[in-house]
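Here the structure comes first, spelled out in structure tokens, and everything after it is commentary.
A, B, C and D label the chains in the order they appear, each numbered from 1.
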Amino acid sequence: MNLSDLYNRLKALFPLGELTEQRPDLAFVTLPAEFLRPTLLHLRDREGFTHLVLLTAVDWLEEGRFQLTYLLSNRTQACDIGLRVMIDRPASGLATMDSIHDIWPTAATYQRELREMFGIDFPGSPRIDEEFILEGWNDIPPYRRDFDTLKYAEASYNQRPGRETRDPATHMKQQLYPDTEPGGKP
Amino acid sequence: MAFDWMKIPYSLLTLFIVVNYGFLLGAFIQKIGARAGRRHGIPVWQNYLDIIKNYGQRSSITHGVMFYLGPVFRLSGGVGLLLFVPTIYGSYMFSNLSFAGDLILALYFVFFGTLGMALGAGESGHPHAAIGITRGLSQVTAAELPFALAVFSVALQYQTLSVTDIVGAQQGSFLNWTLFTNPLAVTAAMLGFLGSMMRPPFDVVLAPQEIPIGPPTEYHSSYLALMQTNRAIFPIAKIVIYMNLFFGGADNWASFFLKVFLIYLWSAFVGVCFPRFRVEQSIRWFLIWPVPIGLLSILVV
Amino acid sequence: MSMKPELMKRMVKGPDGVEFEVEPLRDYYCEAPPTVMPAAYSKIVEDLFNWARAESLWILGFGTGCGAIEMRPLMTPRFDAYRYGIQWRPTPRQANLLVISGYLSVKTLKRAIRAYEQMQSPKYVVGLGSCTINGGMYWDSYNTIKRLDDYLPVDLYITGCMPRPEALLAGFTDLKKLIKAGKGEGANQYAENFAWYKANQKQVIHDWDMPDYNW
Amino acid sequence: MSYVPDRSQYPAKKADGTLDIDLTSGKYLKLWQGPNHPGITGNMSVELTVCGDEVVEGKTHVGYLHRGFEKLMERRTFIQCFPIVCRICVPEPDFNEYCYAAAVEELAGIQSPVRADWIRTLILEMGRINSYMMYLGGQAGAFGLGVIAQWTTYVRDLMLDRFEELTGARIYHMFIMPGGVRDGLPEGFDQRMEETLCEMERTLKDVYEVMFCNAVFKKRSVGVGVIDPAWLEAYGVTGPNARAAGVAKDVRKDQPYLVYSELDFAPVTGQDSDIYTRADVRRRDVLVSIDLIRQILAKMPRSGPLMAKVPNVLHWKIPRGETYIRGECSRGEYGYYLVTDGSGYPRRVNVRGPSYTHAMALLERMIVNVNISDVAGLMVSLHTYPPEIER
């Protein structure tokens, strides 16, 4: 199946954002959150994208947005399409998105993980408020960009003295490539 | 006849021999099982080490009186079973405290240990132990049924309840053994024997992958050591009964060791190459195969 | 501290209609702190016991991390650990060696502590892999502890990521030497520094909803 | 004579569909299977609510192995991520290396050399055999047939030796780097591999006779733990679990990666989707992998570059983009979702392990009304590895 044709067919129905054709068999489309459910249903029932590969989030801290990626796969046509949904990201507290566990029951698991790891709430999803992976977590959700795992680890676990950790870039620069320009960190 | 006090030290001597033989035999059977898995297996003296270690554990906790008494009952079941059957036929020293009508007593002792164990493990209050007990009692009952039938048929055959007389009737050539004179009863009993040995396919009571590890879940240090001792005595004692009833007994220690080893091996071989039944499947199996054979044997006799 | 509902004190109506009160934390566990267990009076007996303990190590079948994958080769034909008296026991009551096979996440640490406390003394702990020593690969992870001996009395560390079965066998041989020399007193060490261990454990386990010591 | 349970004691459904279980009524018992339990696959736990001898509700609890890989990788450079990705899934680590390397190559516009692709395929198939061997032993052990685990682990050790002489490590190989592979085949590798494969076929024959022809094993496994084909899409079932249900889901055929388009094989499928069929599908899949390894060794180019040109890893920046790379591992579809933002560090890495759906939603759905004795066998037959659920 040609994904750009599919994109045009969808664009006639839903207000889609731009299309990113990553591979001939993989493309990503941005669309507003309120049109996610009809698009998913259309793709699942009409276009044969019956397999929810994964549902995950990307934290664009600088832009203050969460990107939710719903990756669907069409096995007979051997192509995947990823739906990007941008939701705004409160500095503290939960972001909210509507749940799709009734379309794919297995989405409930992904949503539980997002709820715990990113602090994105999916009201109505089963067992959404139970602890999934962490136990007795008392900090901001760990997968958010502004959570510093090294600082947390040093604060909460007592390290064994004598362990050296160096920045590999500077270390290898001194050891291996003394003549290269300094490696940049973001 | 007047009770002969000399029998007591003699039977204790029998007990001592049997315990050691049980330890070694258990380890040896484990080695054979390991061979099937291309391993060397444990050293033959491993059981002694485990016993010493378990008696040497410093701490032990209790769940109540029955929790203490459980292993004690089990051990006394094994010892009693051994003491009331003649180990070596015709030998004054090792005929133990057997008297007329001891067959019924033996049947009782076979079950006695299991009941005591059930009470003790029930007290431990562990869910796995509780499930194991329910499974164990139902399965052991089903396994004892063909054995009891076979015993009755043998008793009818020889018109006596005394093990000594039954053994005596089987002396002479090996063609006099019950194995050949009443094969049906022997078949039923040996099939039931599989069930009472707690080896696959009938070890769902102790199945580690499902209810680790059944009734003994909560038992540890000294309790466990007691149960290990019993695990050495009880199978031997049971095998002694089988040997006396069906395989012509033994008139010296050499043939005793040989026969016990072979009978033990029978269950070990079956155990190595079969997975385990679910409890209701095993009960159904017992009711379908050995029990009718046992009934048939009674009818034949 | 969040208490799970099934752990709360409540009135229960049994199947026979009798009302009775259950308080799981009190009913099911004993909260008496551990006591130092003295050795046998005569040295010969104690040496005999230590020798037997060393020669029959019963490992608790609790694979806490990656290292557990090398346990099956350890028990099977290539490296047949049964030859050295090493066996699996499925229940902590009967095991006397707890092998922490790899990194411990906080969630597993809780279970490992309970498993350790249910074992009968003398009991030994072996830490497997670099991640139990100083965090190893996960030195900056927010969910794994960095040094095991702050939370459990470790008798022996086996380094590597992950340790090969040969390393495990060598480690167990060294552990046997320790025990035979009477140095395997981890349980007593745990009892002596009980407060310190508990403080360390509660520092990382935030929802402490179990008794301080369950046997 | 089929087992007819007594449903009179069963709990009623509440309005929202959940079961109305009153633990204080004494009719139900809560059993925790795991994490410290020999019948559990790895370090996870299932919270069973049993009524009589049957499970009325099961809840999977994971997270005992969580190390936060996806967070750790966000603060490591692309080359620093490479040694830790293989730690994500212990029994079959190579798929992490391949998926990560392929994702990085795609986003960085690197084309890995042909010879490296062949070696990668070889390693993935070897890892698949290892994983299946672990499974066969576990499946038999869950039903009390311990000897199978001895045999399969023995041949698995032989395969680990081949791994060792190829990559230098038994479990964590760290061999498939972004840009290619570390090294070529050693001298005489083909012949030793051939001996290993022959030994493996012999063992599989024994396993077939002792395990699959065994009346008791059939009695335990046939007709138990059936996956309804209607659940496949709803629960995202992939791999052998789906193939045993008659759907030939195999990424190697559907979207051929590496050199699978040049290899000749057919996905193994079964019909009646129970424990026995799943075990049999995996056993036949090992034979397919053995055949594939022979094909690879026969066809692969023996000379040529092993590494593509990779920029200086110290300041290797990758432009903003996102991609998803999938492969067919021994449990199903294994995938990496990689997002980059133009810096020297991945913005977001998400690992899609097949166990993620199998062990959580699907297991909780299947475990209802199963006898306690079969829970372990059912769990093993889904072939789940906890580390890839929680990473």
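Here, contacts are C-beta pairs under 8 Å (C-beta built on N, C-alpha and C of every residue); 3 or more make two chains touch, one makes a residue touch a chain.
Predicted model, so just to flag it, every value in this text is computed and none were measured.
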Check: Can you name the chain that lies farthest from chain A, using the mean of each chain's Cα atoms as its centre?
Finding: B
Note to self: Tell me which has more C-beta contacts between its two chains, C-D or A-C.
What the structure shows: C-D
Check: Distance from the CA centroid of chain C to that of chain D, rounded to the nearest Å?
Finding: 29
Margin query: Roughly how far is chain A from chain C, centre to centre by C-alpha average, rounded to an integer in Å?
Written below: 38
Checklist line | Inter-chain centre distance, chain A versus chain D - centres from mean C-alpha coordinates, in Å | finding: 23
Notebook entry, point to check: Between chain A and chain B, what is the separation of their C-alpha centroids in Å?
Noted result: 62
Next item on the list: Please list all residues of chain D that touch 2 or more other chains.
Entry: 37-38, 63, 66, 68, 71-72, 75, 150, 154
Check: When you check chain B against every other chain, which residues touch at least two of them?
Finding: 37-39, 208, 212
Next item on the list: Check each residue of chain A and list the ones that touch at least two other chains.
Entry: 133-135, 142, 147, 149-150
Checklist line | Of all residues in chain B, those that touch chain D in their complex | finding: 33, 36-39, 127-128, 131, 200-201, 203-204, 207-212, 272-281, 284
Item checked: In the complex with chain D, residue positions of chain A that touch it -> 20, 22-23, 25-26, 28, 50-54, 56, 58-59, 69, 71, 75, 78, 80, 82, 104-106, 108-109, 131-135, 142-143, 145, 147, 149-150, 168-169, 172-173, 177, 180-186
Check: What residues on chain C touch chain B, complex-wise?
Finding: 30, 37-40, 48-49, 52-53, 55-56, 58, 61, 76-77, 80, 82-83, 85, 87, 89-91, 93-94, 96, 120-122, 187, 215
Next item on the list: Going by the contact rule at the top, pick out the chain D residues touching chain B in the complex.
Entry: 1, 3, 29, 31, 37-39, 140-147, 150-151, 154, 210, 214, 216-217, 219-220, 371-377
Next item on the list: Enumerate the contact residues on chain D facing chain A in the complex.
Entry: 62-63, 66, 68, 70-72, 74-75, 77, 80, 106, 233-236, 238, 249, 254-255, 312, 314-315, 317, 321-324, 326, 333, 335, 337, 339, 343-345, 347-348, 350, 352, 356-357, 360-362, 365, 390
